[in-house]
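There are two complexes below, and they share chain A, which is joined by chain B in the first and by chain C in the second.
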Partner chain A sequence: MALEQSFAQTPLRPLKSAVTESLTTRIVLIAISLLFLALFLVTPLVMVFIQAFAGGWSTYLASLVEPDAMAAIRLTLTVAVISVPLNIVFGLAAAWAIAKFEFKGKAFLITLIDLPFSVSPVIAGLVYVLLFGGGSVLGPWLKSHGIEILFAVPGIVLATIFVTFPFVARELIPLMQDQGSGDEEAALSLGASGWQTFWYVTLPNVKWALLYGVLLCNARAMGEFGAVSVVSGHIRGLTNTMPLHVEILYNEYNAVGAFAVASLLALLALVTLVLKSFLEFRYGDEMAATAKH
Partner chain B sequence: MSVSIRNVRKEFENFPALHDVSLDIKTSELIALLGPSGSGKTTLLRLIAGLESPTAGSVFFGDEDASHRSVQERNVGFVFQHYALFRHMTVADNIGFGLKVRPSATRPSKADIRARAIELLRLVQLSGLENRYPAQLSGGQRQRVALARAMAIEPKVLLLDEPFGALDAQVRRELRRWLREIHEATGHTTVFVTHDQEEALELADRVVVMSQGRIEQVGTADEVYDNPNSPFVYGFIGDSSSIPVQVEGDRVLLGDKRLALKGWSAKDGKAQLFFRPHDVEIVEGGEGAILGKVLASRRVAGLRRVELSVEDDGHVEIELPADRDAPVGSTLGFRPQRFKLFPA
Partner chain C sequence: MRLNRRTLFLTAVLAGAAQFGGLGFAFAQTTLLNVSYDPTRELYKDYNAVFASKWKADTGEDVSIQASHGGSGKQARSVIDGLEADVVTLALESDINAIAEATKKINPDWRTRLPNNSSPYTSTIVFLVRKGNPKAINDWGDLVKDGVEVITPNPKTSGGARWNYLAAWAWANDKFGGDEAKTRDYIAELFKHVPILDTGARGSTVTFAQRQLGDVLLAWENEAYLAADEFGADQFDIVFPPQSILAEPPVAVVDANVDAKGTRKVAEAYLEYLYSEEGQRLAAKHHYRPSKPDLVPAEELKQFTQIKLISIDDPLFGGWAKAQPTHFGDGGTFDQLYKPGK
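Our next item is the complex of A and B:
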């Protein structure tokens, strides 16, 4: 009897989970982030496509197949096709060296790889102008040998490689450092050659990080504006990449043309995102398994 | 295949990890490298494998100098501490890896490689797991896959780095017995590294006790336990106590008192007297005995463990029959029956 009473007198307080906020807080937080996303990301993206199709489907197509636009698309693809593989090779080599070996100046190398992230792309472009331009040390020599770097494709490729330098390496270094060299030693002790070890063990262990790095690197290589703008010289049909072409068209009040080309770049960004999400969805477990054993 | 390590020295950036180490391992022998961390045991194992190269000295496989052979050419089976299984490969592919990477002239067919993997899985008692990934296995299972993978290449020597280090106590004991059985069945010359003396003493034909980059003693479990040749081995293997004494001619003095000890030889001067807690007899009356004041007395299973303070600074532990009373504060006289004197 006494026991029953004491139970009855104790008011039951609703248990609250430590990580649960009240409904109002949740709604407010979600609303703020959605509003922010809509205002700064979705609206501009939608605007690109609305503007691109403002003159109708035929005008849209016409602004894309127009020779200068085609040249810009070709050049952008060429630059990406050259600079992305180079970045893969460099990224793998740098990550391998940093993760698997001990050497002096390692911290310095890591800092150096990050340099393009901290330097303004315009400076990156200017550096190449100062290095290869007419008034530089190398300029006259290059000119006398008929090698064109500045205001030509090589300059654009160089500038693009500079700004995309860290993408692949930065994805691989932490993962490879985390994995250590135990797997490689195991492969070697089982008789595998260095190349077999790389191909069968190292590469599969980092493939998702590598792919992710390549996607980001490619998106940046195609979209880079600042550095390329400085070294390109803006020669229509010759040294204009897609971002530069967009700017020129826009400055000429050809909004439809500008947004049509811009929509291609936006599409690329969307494809990259979708691909990345798909990879994470499809191979998420495997990716997690590669990250830690 | 016998292995001979001759005057091997290894330095890491001027830090010496091994000083002039020599060791002969006989064919089909099971050898334990035992020592505390930093004693150089793993370095020695990696030198045998060819994962490290010696600063000086050489490693012989049989009569052949293997010092300048790469790890691939040495044909050793190495089981890593954390197994290092290839996480993106199935168990069968892991085991078959060493055969798959052989040059085409000596490479078995795909079907043969798989058959061999399945046969090895049966040997390590993991039949039916060939299509699993390492992440889907328990620690003990991974350990066995790692061993099967190492044995797939028909190695001359099997090397295991802390093979049971990451497993819990029960799995450990089980795998220990199992490794012994595998060793007897396959007859590989096997070297394993451990810091667990129980493991080393129970499993190995001979134990190599290492400390600070040197081999202290090599011997069977009986030899290193009953007849340690250095203060380090005496202290490292099994329980022991030591007290400082003075040797003068045929007498051993503790303070001013002569100890009645039999069967020893030592040079004159300061020395350390080592003995094991269970190798003592109580001397009633204290004639010629070590006298100590009881600091603590604990009943441990069928024995009584007594902590004594001897002289002023000495601190020893002895074991008495459980029915022998040792009240705290009382004085007890004892005499080591088996002991060793090492010059201090």
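Our next item is the complex of A and C:
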């Protein structure tokens, strides 16, 4: 009886809108995420700039053109300029091998590429100390041949490459696997050489993912602290990168100087983000056609 | 912007150019690397400039001095791992000994090569308290009063922290008439009052002065003055306990490195000049006690309150060779007495 009744009373359901939550729920959810963003992202960033300009423009500029700061900026850019292109090559090669070919140990290779994500940067730095340090086999031999690795630019570059290694490869692998090797096979069957296939078929297919990987890789390369701190030796004006210089200035009670350099680092990161957003905005359609970023 | 071959090629060229731009500097003159500990930053910043101009005047050669600062133990570790220091100016004799033993790069007789056990300046450990000393901390015994929080770095990584530890030990030893069990109780109790162990002296100062944590900072005398200078004398008071420890931060030339780089002459001159009138007055200016006070005008010595100072060579400790393993080695008294979070 009761069952019949309930059946009889059920009217035809109106078509629901795609969003089922009530307006209040939506507003609350949006407010929570905005509040979270403001609290944990915007406020600290604003604080950095407020601190940086606490002494006015002239102090801000003076902290940046000071020789040790300039050396730190130069070193950070040098490290990024060396390690990012190398990671492009490594990343492309690894992604190419993994996505386009079948071979034994592929899963293992993917795990290896992810290793830097799971290993603490401090360990990444210490590994190079063990490998090239004064107590190692390799270190003294290299030194006797006039090659310095640890506590010099090469060590910093190596540590940076280690921690940024997965960025390019990780962006490319899923995309290239998705795309399969059909385009390449077509190109080859039409008589293209291996290089031609790479330049004219593979690279254009993945260029957006590649660029995105490069931007991420670059941001991390400039910002890395832990691994670089271990291998740097902290020599002022010589082996201090920007993040290390920020810490040193802060420890010297020079908060304005520290945050001036920090704000420049933040700006470099912001430029990267803006560049990425601009590319997405400008080439959104083209990107959607080749990738899903 | 089309991301084609030409763009990539251009990027590569630019990258290469920037790289050479970045590396093509320096190495045109003699450089000295001074690997030092945390609180000496300001002293050596001044001293390096003075020495460079004096060296230029004496020999006509340009010398540029690079500095690296950090916790004393950490810095020694870096030199052992291959950091090419010409001179080391560290907080502890045992840190320089560690380099000498691990690498043989420093001659074992280094301590006798320069006056005053190779310590151009000495220092001691004092208390930095909040203005007006609200918790009435005047002696080592006051550190373990209820509700007092003590800030000191970790003796495992910081030279200053080891001096703090030994100064407290020496006081307790006197207080309890040499009863080691009671001394150990005091030290264990003391570290229960320590909320944070930073790795270096400077980290602890920042914790106390900038982050406003704790009631008293056990600090190098010079570090205490510096904090008061930097943050305003209206914020802190320096308290001299009736008894403390005589800290002798030593300096040494790293023989193997200077011989390899051909910088022995300038490295030795660099350290010797610390004992000159100018070097000693700079030390006093930065609140280090000059090892040759007769070279420094009495006016500049007034700041150094005379208190009873116990030397590390006192039979109680028997020198660093004995004190280091007894107190700070694996399983030493610090490991036995320090129980984090209890």
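Here, the second predicted complex is superposed on the first by the 274 of 293 C-alpha atoms of A that agree within 3 Å, B and C clash if a C-alpha of one lies under 4 Å from a C-alpha of the other, contacts with A are read in each partner's own complex, and residues count from 1 in each chain.
Operating definition for what follows: a residue touches a chain if its C-beta (ideal position, glycine included) is under 8 Å from a C-beta of that chain, and two chains touch if they have at least 3 such contacts.
What you see is a predicted model; the values in this text were computed from it and never measured.
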Chain C versus chain B on the shared chain A, clash or fit after superposition: fit
Touched partner set for A:64, first chain B, second chain C, both or neither: neither
Chain B, chain C and vertex chain A (Cα centres) - angle in steps of 10°: 150
First (chain B), second (chain C), both or neither touched by A:151: second
Touched partner set for A:75, first chain B, second chain C, both or neither: second
Touching partner for A:183 - first (chain B), second (chain C), both, neither: first
Touch count on chain A, higher of chain B and chain C: C
Partner chain in contact with A:127 - chain B first, chain C second, else both or neither: neither
Which superposed partner A:192 touches (first chain B, second chain C, both, neither): first
Which of chain B and chain C A:45 touches, first, second, both or neither: neither
Minimal inter-chain CA distance - chain C and chain B, angstrom: 12
Set intersection of chain A contacts, chain C complex versus chain B complex: 204
Chain C - residues contacting chain A, complex: 3-5, 11-12, 15, 18-19, 22-23, 26, 33, 38, 41-42, 66-70, 78, 80-84, 102-103, 202-203, 206, 210, 230-231
Touch list for chain B against partner chain A, complex: 49-51, 70-72, 75-78, 80, 82, 84-88, 97-98, 100-102, 133-135, 149-150, 152-153
In the complex with chain C, residue positions of chain A that touch it: 74-75, 77-78, 81-82, 84-85, 129, 132-135, 139, 143, 148, 150-151, 153, 199, 204, 207, 211, 233-238, 248, 250-253, 255
Complex contact set, residues of chain A against chain B: 182-183, 185-193, 196, 200-201, 204-205, 286, 289-290, 293
